[in-house]
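In what comes next, chain A is part of two complexes: it sits with chain B in the first one and with chain C in the second one.
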Partner chain A sequence: MMDESKVGLTSKQKAGNFIGSFGLIIILLVIFGLFSFLIPGVYFTWVNLRDMIRFSSFVGIGAIGMTFCIMTGNFDISVGSMLALAGVLGASLAPRISGVGGVIVTIIVALFLGFINGVFVTKLKIPAFITTLGMLFVFRAIAYIYTNNTPQYIQDRFWISIGNKTFLGLPIPIYIMAVCYGIAYLLLKKSPVGRYIIAVGTNSRAATLSGINVDNIKILVFTLIGLFVGIAAVINASMLGAANPGMMGDGWEFQVITAVVLGGTALSGGSGSLGGSLLAALIIIFLKTGMSNAQVNSYWQQVATGLVLIFAVSLNKLKFWLIGQTQ
Partner chain B sequence: MVKFLKLYEKIGIFILIVAASIFLTIVSPNFRNMDTILGIIMQGSYGAIIAVGMTLALTSGGFDLSVEAVMGLTSVILAMLIPQMGFTLSIIIAILASCFVGMINGVLITKVGISPLIMTLAMQVILRGTSLLITGGRQVVIAQKSFMTIGASKVFNIIPTPIIYMVVIFIVFYLLLNQTTFGRHIAAVGSNEQAARMSGLNVTIIKTLVYVLVAFTASIVGVIRTSQTLIGIPTMAPGFTLNVLTIAILGGTSLAGGKGNLIGTFFAGIFISMIYYGLNLLNVQIFYQFLSVGLVLLFALFVNGLRIRYLESAKVKGIRI
Partner chain C sequence: MNEKNVFIELKNIRKIFPGVVALENVDFDVRYGEVHALVGENGAGKSTLIKILGGAYQPDGGEIFIEGEKISISSTSMAQHLKMAVIYQEFNLIPDLSVAENIFIGREPKIGKSFINWNKLNNDAAEILKKLDIDINPRKFISDLSVAEKQMVEIAKSLSMDARLIIMDEPTATLTEKEVVKLFSIIEELRKKGVSIVYISHRLDEAFRLSDRITVLRDGKRIETKKTSETNQDEIISLMVGKIVNDYFAGKKEKTTDRDIVIEVKNYNIADYIHNVNFKLYKGEILGFAGVLGSGIHHLLRSLYGAAQKTEGEVFFEGKPVDIKNASEAIKLGIGYVTEDRKGEGLLNDMSVLQNISIIIIKFLTFFKGIFIRQKKELDVFNKIAKELDIKYANINQRIIYLSGGNQQKVVMGRTLVSNCKVLILLEPTRGIDVGAKAEIHKIMVELANRGISIIMTSSELLELVNLTDRCLVLYKGKLVAEFNRENMNEEKLVAAEIGKLSYANN
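Let's look at the complex of A and B:
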């Protein structure tokens, strides 16, 4: 009797670990397999696969900075507005200072906006959620006022090619995303900064006592969000051929946060997974594209997206429950 | 100083309102008119009603992003049912359906342990989709003009009905939060869930009820808005959730849970409406409304942060608080 229950518990734990390691990959494969089966010849093609990964770079790159931020136990919901403000500033200046200049301006502006968020959170001691909620309104309003609510079209060849051209058969955004994730991985795993981020997220007080400058780490994390939002803004504006002050990045903050949480990063901070965020970004786009290709009514698409999200997050909870049984 | 700061915690938002009133009285002759003032309060009532529910959710340590979609769902159910069932029954069904949505939120958050952020966000997307499916993506006109009396008439020919609803809901929720055991339990769960569980509170039921109440307030506003426009709108009030959160936070309710300030919420709703009115007077574009709301939020929380730090340092110095 004892042995049986012991074996049962171990298999439970095994199941939990299995879900933890492969849950997201399995969901991704199931979605991909399902739509490949439902709409043969359209979904399971190299071109489609390539395009889906290209589109996922927009959410995927944004999710990098957010993963760091949520790992420190903070939160940034201003990223959608930040994307729009940086995008319209860069795009409006591009005709005067060339496409390269516009791209650089976009990234630097986003970087700076992220830095401001960080300073507000740490030096003025306003909770991150409220600071960025306020900034969500402020950034968007400045984008509107600056452009007088007119879209800024991008004519420049260089900028347009970033989102739309291919290199060695792969779209350029995929390379950009790969490089971003590579750098972020090194930063998190191979540099002291990564350890500091986890320390701050696990126990901010203990981190302070062990000599880590918590404020600087937080400012750095918010600035990193700005950096990746800036890169995402360049790609997004390039794909659409314009930066629109109202529509650009509207609701994007929730897609990004969803990807990060779906990827297994705990909202309470201290632990997180960059690979999980990437997989989650792919899941969101694979599902969306699959439903559009299968000509699912767009309203059903919304319902299904919400249900899949709840299901995937519940799976994550199931993992903890299964592992927790044996502890 | 300490006394003043303690007082400020309670009535800080009230000081802002007085300042805004003085400013508006100087710049706008119309503001001295009773109708204008009641109009401003009415515009503020929509956000304030839901923010009252949101304050409960924040007090319990959670929050609800699905409120705007609940409004849309209510609106759609009303538009579909009123031709067949009449007003009373339709309203009851719409509100019950919303409460049911709140219950699902609560059960999944407490039983499965999904974070409120993700759960209510997913619920928002699901409800928007469902509402659009029900009407086939269209807006549905309600033919029965008399339905307008609910949200667009005036009591004694003076006071718009939404203000009455706001006051009634505020009083009920105020008593609920501050005078009942249930209210104390909400605060207990919000300040330390583990401790609340240990001391025998049924955290699941308390939290689930909170989400039902949030959905209830959202549904009430859905009824009012639908009655005013006589149209069932599946995509009603996009982005309204953030306004509601802003009102609750501006009113002094902490995101950390355990501390809800309903009086603050009530006045913050009116204050935001005053800002909008003032900006309309200046004839500026709608973007400036976003800007001012964002700046006011940051400023108010900055002042609040200063206050807390002053009180903490006073405590260290041994001044009695």
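Let's look at the complex of A and C:
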């Protein structure tokens, strides 16, 4: 081998690394700058910025579990329905077992639903896409049946305050999101489990031969999705003041998956970035809010969101091309 | 040199990857009807060079001329258009399509504009295969073919597009003797037709048997291009490693006198693969297993590691009966396993050198009830083994795939060694790595055995077994048919036993 450490990079490769590190931040700044320029008094205000970050916590927290899942080469499209089922169960029980109890039930139910997905995928060997597609219908339907299609209103002050109160000037969901990302980061970077998750994603056969129980890691990852979906459900229900079996989390799975993919996590598994997912969640909400404020037709909003996704992924390709490495 | 003889010429080719100069000012040319061997250790730049020829990589500097005309090979289809074909080690065939479909993929004969002319497709394919004297039904699916057959299909494919230059990357790595002979006669035929061939191989004797000229690459530089008739293997080896290598098998192992049994296998059966096998593994010995495809060795050794299941029989580890159901149980006992399929089930591609080493023991290098990694300790473990095995890397965060084959192998071995194993199962420990690294791996194995670690190894290079092992067991169709020790072992006997020509009794 040659002495690699002394070799300089070409300008092309430097550009590639730059895109890899700062691409998403630049997209976010461009979006923020653009709307600040277009609708100055509305968009570029402290209140708006604060609210956008608060709203992005909903997608952002959901994206944490999904990042882990996609890193292992799997997929979960049932999260929107999972959110609704966990939310209506917790909200319906809250009057009887207190708001704290309702919050705990919501999180535990989601955790359990995620665990079920994991068991189906590993032990019954049903592909994750099929399992979670099935569960997308099952969870949503049970939510309808259980509530008889009526929204479950939340009156409890504790629960309501989670999504709406501020602490030291910042909305509480922002703190929750920060804590969630902090814990997820430690799990991924500083614990053996994080290593196992990446190992399973990059080469599950090698992981098996290294003594890693691949099935257990996958079940864990689906359960983690449940955990973060539960937390997101608590926040979402709190912000809306109710858990609605039909509307809650409808289409949310696509926002969450979009955030993870936009954030640079490879669908083939193995590599991914929590920071990327967080930035991508911000991008999605900044873009959406900006277009709503600028009174862009909601269909055009979807067109723009789709194009940004494709653009970000092609940026990723560009990065690999510049570095001169086939993905 | 007469310019008119040259089909393709590369001048001052330079290619850089993050942190690595893969090729530096390399000159290379191929003449009409020439077999030009390209040799060098892993990491020397051979793969990069052929990927540039095949249009898969773009050079960062330098020029390429075909028949004197400057061109740029901007894509793989451009290379095809220029009548150049690369046969990679990992074939470019589509497993769910037939042989004929693969041969003519993208160029299928049509009826009208839209419909494939299946009869013509199959007949044309059959004709090409026949021309090459290859006996494969063109209607067969690729997934049903053996490795050798797939290779023949690749060659047929390159001929079907009238390739004028065929680049073969380690074509014989997975072939049997007989198949190699076949391949050589095909190469001879091609040469006569004026097709140029770039031949890459770790097996120098093949390069000498086939080639007109040999180019040696080392550390991304062209060291020399020699006429094959004017050089010899020793010279080429010393050019490859940059120093004179006179002892290929450095430091022969001390003879084991230890008679402590580490593993004993009794009446072992694996349905369809292993029938009533018994053997013992002693402390500090290197035990070889030899056998051709279908011998069942692979299944036997995998099951000892818990990666496959036995159907019957007993295993005793240090005298105690054990039932190893998975890798983690084997690791707990102190058994390590290094796969022969480094890429497929050895390397954790997206992870760093450091993380690849520590993956097995990481759960023990923790604090706070196993939740957090002790990074200092992980680094200590890594540094120790990296030094011991002399692993070459740029920094600990470098991705494992950027290391050379020899260093990757050391990492995969190191991964099991750091978990303090008593038994090391090494499948094809030197497959696909270069001469210099090979000698190093041999040295490491001998040192480990001298330290009391028992090694079980397989190798398709029988000389490796003869030179390294204390004993060698030969399996034929799932049965143990011969056992040799240092005194009575040689290549000829091993070959004979492998193909069932020698019975257990008369040995």
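Note that in this section the second predicted complex is superposed on the first by the 315 of 327 C-alpha atoms of A that agree within 3 Å, B and C clash if a C-alpha of one lies under 4 Å from a C-alpha of the other, contacts with A are read in each partner's own complex, and residues count from 1 in each chain.
To be clear about the criterion, a contact is a pair of C-beta atoms (placed from the backbone, for glycine too) under 8 Å apart; a residue touches a chain by one contact, two chains touch by 3 or more.
Bear in mind the structure is a predicted one, so any value in this text is a computation, not a measurement.
Colleague: Could you say whether A:Asn203 touches chain B, chain C, both of them, or neither, answering first, second, both or neither?
Modeller: Second partner only.
Colleague: Looking at A:Phe137 after the superposition, I want to know if it touches chain B, chain C, both of them or none. Which is it: first, second, both, neither?
Modeller: In the superposed model, A:Phe137 contacts chain B only, not chain C.
Colleague: For A:Thr305, decide between first (touching chain B), second (touching chain C), both and neither.
Modeller: first
Colleague: Is A:Phe254 touching the first partner chain B, the second partner chain C, both, or neither of them?
Modeller: A:Phe254: touches chain B, not chain C.
Colleague: Per the contact definition in the header, classify A:Asn213: touching chain B only (first), chain C only (second), both, or neither.
Modeller: A:Asn213 contacts chain C only, not chain B.
Colleague: Okay, in this complex, where on chain A does chain C touch?
Modeller: The touching residues are 1-2, 4-5, 7, 9-10, 12-13, 17, 186, 190-192, 195, 198-199, 201-203, 205-213, 270-271, 323-326.
Colleague: Please name which positions on chain C make contact with chain A in the complex.
Modeller: 15-21, 43, 56-58, 60, 219-220, 305, 307, 326-328, 330-331, 337, 339, 344-351, 355, 358-360, 362-363, 366, 370-373, 375, 392, 394-395, 398, 402-404, 407, 415
Colleague: Sort out for me which residues of chain B touch chain A in the complex.
Modeller: Listed in rising order, the residues of chain B that touch chain A are 108, 112-115, 117-119, 121-126, 128-130, 132-133, 137, 242, 245-246, 249, 255-256, 285, 287-291, 293-295, 297-298, 301-302, 305, 308-309.
Colleague: Quick one: which bits of chain A touch chain B in the complex? Just the residue numbers, please.
Modeller: 120, 124-127, 129-131, 133-138, 140-142, 144-145, 149, 254, 257-258, 261, 267, 297, 299-307, 309-310, 313-314, 317, 320
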